[in-house]
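Okay, so chain A shows up in both of these, paired with chain B first and chain C after.
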Partner chain A sequence: MKKSVKYIVFLAVVAVVAYNSVYFKALDEVKAGTSSFNAAKYAGEFWTARLIPALKKSVSYNVLLPLLQTEKDKAFEQYSHALGIGNIRYFLVKGEGEVISVDENEVIVRLDSAGQRPELRLATEYVFGNAVRDASGSLHINEFENSMDFNNVSAEINKIIRDKVIPPFRSKVKKGDVVSFHGAIELNREYLDLKRVEVIPVELRIKNEELRMKI
Partner chain B sequence: MNIALYKSRLLRFQSLIALFILCLGLSILSDKFLTVSNLWNVMRQISVNICISTGMTLIVLTAGIDLSVGSVLALCGAITAGLLKNGIEIPSNNLYIGFTILGAVLAGVLTGSALGAFSGFTITRFKVPPFVATLAMLTVARGLTMLWTQGFPISGLGDKFLYFGTGWFLGIPVPVWISGIIVAVALFVTNKTRLGRYIYAIGGNESAAKLSGINVNKVKIIVYTIAGALAGIGGLLVTSRLDSAQPNAGISYELDSIAAVVIGGTSLSGGRGSILGTVQGAIIIGVLNNGLVLLNVSPFWQQVVKGLVILLAVIIDKSNSKND
Partner chain C sequence: MNKLLKSCLTALGCVLFGVALIRCKTRQTTDEPKKIAIVVSTLNNPWFVFLAERAQAKAKELGYESKVFDSQNNTAQETDHFENAIASGYNAILFNPTDADGSIINVKNATAAGVPVFCMDREVNANDAATSQILSDSYSGCVSIAKYFVETLNKKGKYVEILGMVGDNNTWNRSKGFHSVVDHYPDLKMVAQQSADFDRNKAMEVLESILQAQPDIDAVFCGNDAMAMGAYQALVASGKADKVKVFGFDGAEDVVLSIQQGKIMATGMQFPEVMAETAANFADAYFKGKRDFPKKMPVAVELVRKDNIENYAAYGKKE
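And then the complex of A and B:
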């Protein structure tokens, strides 16, 4: 008798908790009430309306490199963007140089910068992260309902790069070509490493290819 | 005689003495350390570690260990956030199951309990060493978190939910209340109940405990289940505080938790230690973390310092065991 009372009380508690824990609705009803966010569409619009115009403001790596070497703080203040307050910041850069190596994952370009011959790596295989989204400084998390949508936009931007920017370049580029690029780089303000800088490309051109086509 | 007495008293209060010296040093080195806002911030941060370290203490008292608490915390936080934000959709039946805060929190905590129970089961049923079983669970839970979140944070959980991690009640942060209640219940369980006595007995001498009629396997499964549930509550606090369930949440929390337990004087070989000691250990770890940040120590050096502190605590523990 005592045991059965215990069970009844237990079941009653479970029932009350369950009743207050979940609710049921028709899925159509719920879907109708929420506007679904289309990250691909948003990324496409961002690309044409904001990112491409922002490329005009990108800093030449020939200008940025000496500034980073001599006045690091000024370089970061003037040219970098980031969402948070951390040391990782992003730059929209441009440059032109000679291809010195083409391998599976990247194309290495040697620039001629004020007597220095820095090498930059153009990513052609692994395009991840938020460098391009954040480097322009024109996209803010407040524009989104949640951070998942915001991150999905970044993933879609990277997809555009993988699908549309890299393949035509990757199929033609070879060692010795002169290429120009616009893209985003990520640098750590506290532990600045300029020996291995990777560019996530937004625009890529093979200059001598254009010349050949004109001829 | 007097020296022995002083020594035993010193050993009894070693964590408190260490904490006092640490606070004194930090208040001299940083003018921000002893501010009210910073101290409340420290208390909020250590609340999570106190939750998971309380469960870890129970496990370590049975001579076990749980390396999965950080991953379980992340999964529980993600489950809670995911259910609260998105519910469950069953398109084939045109059904949407929505979760209230109570439902989502319960689901998160129950997930933690279930994973803890599973670890306990594998340890007792298949005689898998706790280190290995919970290491496997660490990977499983992290993988499940990635699958559930698709690698993205789940954010925007609503103001009411944020109350757990950021709210105040009677002038004290809510996480501090929650961890305080957990500590009070754990103190009661370890000191005043049969289960508590069994836990100490198993850690002291498992064979003797078995021979004296204690259902060792059952007690161990209960202990791992409790630890899982407490990791779930830790996940709730982290998620609520950040208004976001991060797929990478809780990484290396198990180390902070084990550090708190060891620094608090609980023996890794089981049978000796206390919940209050662990609370002191968690405060020391929290204050140390906070102090290193305030002193602008590089994150890489912070890890080195924390590692050395843990090592020192284990050496002291070993030396105490020898003396005993």
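And then the complex of A and C:
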């Protein structure tokens, strides 16, 4: 009798220990980030307090392009920002031009520029990555406890662009419109490709639409 | 009296000899080159072997002795290496952590003992622990991969994600970067997400098992290149290698070659040499008195695909 009680107690202890030793969790639930950080709130404050004022410092693409073609290092030194080391760097740019095509993923604009008339792609579909967050040079990774929080800020900034900047523009823009923009571009310092430059927009305006509304 | 004097002289002689020995030892210590410990999460992956080798080569170039310690992806082993390094008088640690949270204590113990720690590639979740952390910008790299992923799959299809170690921030930075793009496309359906611990053989086994239940997938996204090669092997074995697109991350030698041959679609090129050399240079600057290091120093990751592969070689740019 005593022996059986002993066994039961022993088995109960083993069961309790085993139960508390193993637990199952979905991989998606395992996140190495701090849950207290509110990336959406941070991104909203960054947008109004730092990014919009920084647009005043945007370089005109008509100024930047010839500099990139003739004095690449000077152009990168003077106008680009990046948070760390490497060849990928970001520029805050502005420009104005005529819409030559409205495609599924982008709006292609031909800029008014002496001689060159370069084409730029205003991204309306693939608005991702850190271009806008990093181009202003006003945000630093060391302000954050871990890089996951910092990356979440980027995702939230891009969400603002997708939700608030692109829809009103995308719904009205058509071929032949004159548009102005402020936005961020990403360029590789070592392998510079100026044939397909994509702008992640921060501000978009259809100039002839504004004119029509005034009339 | 004579006996007493003799004893006193002997005792004095002993003391002087002892002091001389200590002085001699001290002088030897200051003349000895400084020693750098290179503690790496695992040497079972060629990428980390390259990282360790480059760190060691840079340390030697700067005039320091160094030794590589393999933690074998085990935080307990990592703790032993840290204790050994501190006890053996290493002056700095170039560190590739095993676990973002689990490795914090080792870093704190070393810095408390006056040994600076410079993290390479992987981070620890504490801004005040390491002297500096030199990290690949995995999130941005995977955003670029994901954009290419969406384009090549034409915004629809079924895919599998094979994750790295769940305790490592890089695993989640890569996964989150990838999903920050792909999740916007509801016709791209993730049919399975499983960890293979950054290991080639495990990835092969994981995908083989997933393919039993999900035979008609269109793509596999892997958190590193070793797993991408394992996934590719599983696809070859099941006769699906031509149909299923594989994407990796790292810029390892076999994947760079496989992109050239059209077997793997793309990878994110990290620059382990840049990280290892920056860490060694930081240690050198620390020995020379510098103390204001950036807490985190991201290193840009570049998208490598067939149309730009001529610019790249294993673990970096073509010379």
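To be clear about the criterion, the second predicted complex is superposed on the first by the 180 of 215 C-alpha atoms of A that agree within 3 Å, B and C clash if a C-alpha of one lies under 4 Å from a C-alpha of the other, contacts with A are read in each partner's own complex, and residues count from 1 in each chain.
By our rule, contacts are C-beta pairs under 8 Å (C-beta built on N, C-alpha and C of every residue); 3 or more make two chains touch, one makes a residue touch a chain.
A quick note: this is a predicted structure, and the numbers were derived from the prediction, not measured.
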Original post:
Given the superposition on chain A, which partner contacts more residues in chain A: chain B or chain C?
Top reply: C
**OP:** Kindly classify A:20 by the partners it touches after superposition: chain B alone (first), chain C alone (second), both, or neither?
**Re:** first
**OP:** Considering only touches as defined above, state whether A:82 meets chain B (first), chain C (second), both or neither.
**Re:** second
Subject >> Partner chain in contact with A:129 - chain B first, chain C second, else both or neither >> reply: second
**OP:** Have a look at where A:4 lands relative to chain B and chain C in the superposition and call it first, second, both or neither.
**Re:** neither
**OP:** Answer with first, second, both or neither: which of chain B and chain C does A:188 touch in the superposed model?
**Re:** second
Original post:
Where does A:171 make contact in the superposed view: on chain B (first), on chain C (second), on both, or on neither?
Top reply: neither
Subject >> Common ground on chain A, meaning residues reached by chain C in one complex and by chain B in the other >> reply: 27-28, 30, 145-148, 151-152
Subject >> Footprint of chain C on chain A - complex, ascending >> reply: 27-28, 30-33, 82-88, 126, 128-130, 141-142, 144-148, 151-152, 154-155, 158, 188, 190-191
Subject >> Residues of chain C touching chain A in the complex >> reply: 100-101, 123, 125-127, 135, 137, 139-140, 143-144, 146-147, 150, 163, 166-169, 171-173, 176-177, 180-181, 193-195, 271, 274, 278, 294-302, 308, 311, 317
**OP:** Using the touch definition up top, name the residues of chain A that touch chain B in the complex.
**Re:** 17, 20-30, 145-148, 151-152
Subject >> Of chain B, residues touching chain A in the complex >> reply: 85, 87, 89-91, 94-100, 102-103, 106-107, 152-156, 244
